[in-house]
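First the structure, in the form of structure tokens, and then the observations on it.
Labels for the chains are A, B and C, by order of writing; each one numbers its residues from 1.
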Amino acid sequence: MKKSKDFRREPLTDTQLLMTITICIFVGMYLLAMLIFKGGFLHAQQVFDMLNDNASLIIVSCGLTVVMIGRGIDISVGAVTSFVVMSCVLYLNKGGSLFVSVLIALGIGLAFGIVQGFLISYLEIQPFIVTLAGMFFARGMTTILSVNPQKAAHEGFAKLRETKIVIPWLGYIAKNGKLVPARVELGVVVALCCLLAVFLLLMFHRLGRALYAIGGNPSSALMLGINVKRTRFLSYVISGLLSGISGFVFMMHTGAANATNAAGMEMNAIASSIIGGTLLTGGVGNVIGTFFGTMTLTTIKKIVVSSGLNAPWWQSITTGGMLCFFILLQSVVLSQRARKKKA
Amino acid sequence: MAMQESNLLEMRHINKFFPGVKALSNVDFTLRKGEIHALMGENGAGKSTLIKVLTGVYQSDGGEITVDGKNVAIRSPQDAQNNGISTVYQEITLCPNLTVAENMFIGRERGPFVRQKDYKKRAAELLGELGIPARGTQQLGDCSLAVQQMVAIARAVDMKCRVLVLDEPTSSLDDKEVNVLFNLMRDLKSRGVGIIFVTHFLEQVYAVCDRITVLRNGELVGEYLTEELPQVKLVAKMIGKDLEELKSLGEVEEKKSDIKEIFYEAKDLSSSEARPFDFNIHKGEVNGFTGLLGSGRSESVRAVFGADKVTGGQVQVNGKNVRITKPIDAMKNGIGYLAEDRKRDGIIADLSVRENIILAAQVMKGFFRPISRSEAEAFADEYIKVLNIKTASRETPVGSLSGGNQQKVILARWLLTHPNYLILDEPTRGIDVGTKLEIQKLVLKLAEDGVAVTFISSEIEEMLRTCSRLIVMRDRNIVGELTGADLNEAQIMKTIAGGEAANEKEV
Amino acid sequence: MKKKSKSIFQGGLGQLTIPVIAIALLVLFNLIRDPSFFSIGITHNNDGNAVLAGNLISIVNSASELAVLAMGMTLVTAACGGQDISVGAAAAIAGSTFVKVLKSGGSISGLTVLAAFLMACVVAMLFGTFNGTLVAVFKIQPMIATLILYTCGRSIAYWINGGATPTVSSPILTGIGSFIPGIPIPTPVIIVVVVAVIFRLVFHFTSLELFTQSVGINGSAARLNGINVTGIKLLSFIILGLCVAVAGCIGVCRLGLINHETLLLDVEMDTILAVAIGGNSLGGGKFRISGSIIGAYVIQMLTITLYAMKVSSTDVKAYKAIVIIILVVIGSPVVKSRFEKMMRQRQERKVPVTAKGAK
């Protein structure tokens, strides 16, 4: 009897199921794109470009996933990112040190996380309103610092920005016959580290598990002896901190600050999380899924461009359609599952 | 009661207030080492409140708690756990999105990291030891409710608790599972754990418990040794001095059984929750559905009202074929339904008494024909008076009323629709005895006026007093129908328990 | 968790306390800062019309779209316990439809404007139905469901216009967007009043208010009382669609052009804020439309006050955020109950304790 138990494969949990669906769709979509559009899709650099362009989005999406698993929402992430970029660029241009600018980025993120987390979990104010105010505040502060675009002119930073990981064997032969090696920005490394850290935190740290418990059923979580308030508070702190990191990575990618930086990033991050299988109702989701959510969103945009739909509206219309597809799919899959369980 | 060496837990002079109600008044409770102690009382006697004070869900408004002779302050479930008090509640307090193993160990990890492998191993051991048919790696939400309950018990057991509180854990378990649980309880008892056992099933109390503490209306009635308190006396203690009064009510009201015409008849009616069944009710008749929790009694009446998805059957109202698939269909046919769970399915807590009273009547009147403010006020005032609803004003939010008065508001809501057939599912649960009597009288009066009433209650005496026909259910099937001389507790118990159907079905 | 205790703040005003206090504070602040802030004068505009002018007028005028949207949003919030974040995008679509119809005909007459407006209403209601179906039928959280339209709505508007930002000009449109000759009150203000009156009438002649609140507070109980929960939720989104069309058309008339990118930009956030400042729970349930309208004016008054203090339009957000946080902290149930406990303890100290647990 015991043996047969060990051989039995467990059915997937909700989190695993939704994540698997996303990964399959992403892989399928990418393979299809390789077959149909060839061109860029055949080069590894295509994937690296997608990563280079979206490193900071991946980081804030991780933060959002964390918050959403605990039944929260944080729409300040994009604005905080922008605020961090502006602060750091201005500081660097005043001749500040690179190290301190990293601290500034982390500090701003942490400060937002702590204040928002406190208001939400200890004063029980609706997260949407608190983080909306956070978003307004960060956007306003950004323009107060500077309305005009600022280019970072700092030697150390420029060096850091130029540092790229070169992978020759993943390169391709360009038309002129020269080998173009694959290039990966440092931001991508940071993003992947964040992803790994959050993944480990969610999977193996008691804080992460407590967060899942709260998302599953907050009153049960309380009964199980989990400090619900502190856990929720920390989830916002994590999200804030990741926004800070995202700001620095964003700056490394663009090398300049602009008041409109990262506009709409919060909604992209939410969309990434949702496509990756995170439910706003909490308790279900995973950062690996979120990563593939981001990649799926980006791939769609690339496919739209490759398929010749050049009119500027197609990208977001297809994104919206894709979002709609995923949301409905999840709704159907989960309700189907619930029905099967009942029978 | 002097402080004794073996007293594991003492609760002294516990008070607890809720807006409008005194839930606990100066209650004492003592638990000794290695004893199974039943906490008994009617619905609304304060058992759950006392338990929740002990486990830190509520904070008491006075009184003290000592564990092992030491004064302790319990402000949160964590405090309770730290003091060795574990609880298993009637409703599952686990997280459906986590695995079984995690549900057993979350919230009590040592160190920052979660050792999933250890959990899996220990969970497998524990589940095997307790004979729970679940795997540690399974998602909890995929398990049956009974298994989920067992997992909650396994968690409590593993916590090396000194005090184990079981708050109606058996209501979702079948006989076999209950026996497994009892063996487990005896095992723990021999290890010196004190167990507080709250249940509705009297037999279970006599099967495992050493001592019984009875509460009534938030007050302590007394503490007794089980062998010294026969079942009848226990019931008398639970119902209290009102027993005489209740008897007289039953005697005064002569149940008429003159056959009137059938108002409602269903054949093979089934819903997503209820198996196919036949049922009818006459005008002016009070009938009841009885059976244990989970026997399908509520599900059946919900099918009559169209509250769940109706999946089949023919329904006749007043001899005409009708289709009832949604509540509004039933309402249009003159059927009203007071739901079992008042909080979840009854009151609209933030709305005023007035708005709650007119709600159903408004729905029936139609979206485009609102009841005017003055009309609504007149209705509200009328029913506040008729039903003697204790409320500050008709504009008070209904959520701030006591349970009994909330129930009266919902009754008023349905009476205002002037139903021909009223289904009352547990209308007296969790409300004080005075209000219970009022509701019972009201039911009988309605029947006199020609309204058909279906009355469901967990308290059999109450059903005997009001109903002239009882439909007995077991395992989601109707197993008997009792009328006339068969309407007595022994016969009902026999029918619920199974064996021969007590009586031939008669219509 | 629902707050149960009655707040001492809730004198006669009930949930309107917070927005009224906010308005009062702003008025007081402005009186101290610069009493001339409130002066209202009559000036002649370009058409030679005698019209009212002054800060107050511009507050009331420029808050019009917000107020109209807030009314609809209140209903959606109450019924569904969530918010529609696509109102700005949907307004852009409605505005584009409006312009598209205007452009398709020859000259712009009153009739074509009416037809264009009706067309905008139909389109906005269709998108409202889309959102509403996702929420009511598929049981998707409103914010997630409307994220779809939020993402692609403005692009749809762009597409309707074929990638241009066309301008329209006609005295009729100017009349709607600013002033009707002979009437000194800005037309958008009149429209807000009309919409508010319509809401009042709808509440008077239907059971919408009672049903919406019932659905929002306890959907399960509402269903068992025969209310069509799905229908009510859907209806709330359709009504919001109408409000979106009105707001979108006002926006177009004001500028005489449709720019899908900037028309009512970020208005969804302000709208939700107006609902919250109006004392409505964002978790649904009891609501007061009047609160949301006042909320809209609070936001606009704050903005104009900041402008008057020479804060640039981009920086306003930061100050706004601080005021919002102060307001919601005051309104937070935790802070309220702490405060009440303090007050009660103070009272108890005055009255000697006589009540003791009776045996």
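Here, a contact is a pair of C-beta atoms (placed from the backbone, for glycine too) under 8 Å apart; a residue touches a chain by one contact, two chains touch by 3 or more.
Quick caveat: nothing in here was measured; it's all calculated off a predicted structure.
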*Among the chains, which one keeps its Cα centre farthest from the Cα centre of chain A?*
B
*Could you tell me which pair, A-B or A-C, is linked by more C-beta pairs in contact?*
A-C
*Rounded to the nearest whole Å, what is the centre-to-centre distance of chain B and chain C, using the mean of the C-alpha atoms as each centre?*
44
*State, to the nearest whole Å, the distance from the C-alpha centre of chain A to the C-alpha centre of chain C.*
31
*Distance between chain centroids, defined by C-alpha means - chain A, chain B (Å)*: 46
_If I count partner chains per residue in chain B, which residues reach a count of at least 2?_
none
*Would you mind writing out the residues of chain B in touch with chain A in their complex?*
57, 76-78, 81, 87, 89, 92-99, 102-103, 106-109, 112-114, 116, 128, 135, 137-139, 141-142
*asked:* Quick check: in the complex, which residue numbers of chain A touch chain B?
replied: 2, 5, 8, 10-11, 13-15, 203-210, 212-213, 215-217, 219-227, 283-284, 341
*asked:* Under the definition above, what is the set of chain C residues touching chain B in their complex?
replied: 2, 4-5, 204-208, 210-211, 213-214, 217-218, 220-228, 285-286, 357-359
*asked:* Using the touch definition from the top, list the residues of chain C that touch chain A in their complex.
replied: 1, 83, 134, 138-141, 143-145, 147-156, 158-159, 163, 269, 272-273, 276, 282-283, 312, 314-322, 324-325, 328-329, 332-335
*Complex contact set, residues of chain A against chain C*: 73, 119, 122-126, 128-130, 132-137, 139-141, 143-144, 147, 259, 267, 270-271, 274, 280-281, 311-321, 323-324, 327-328, 331, 335
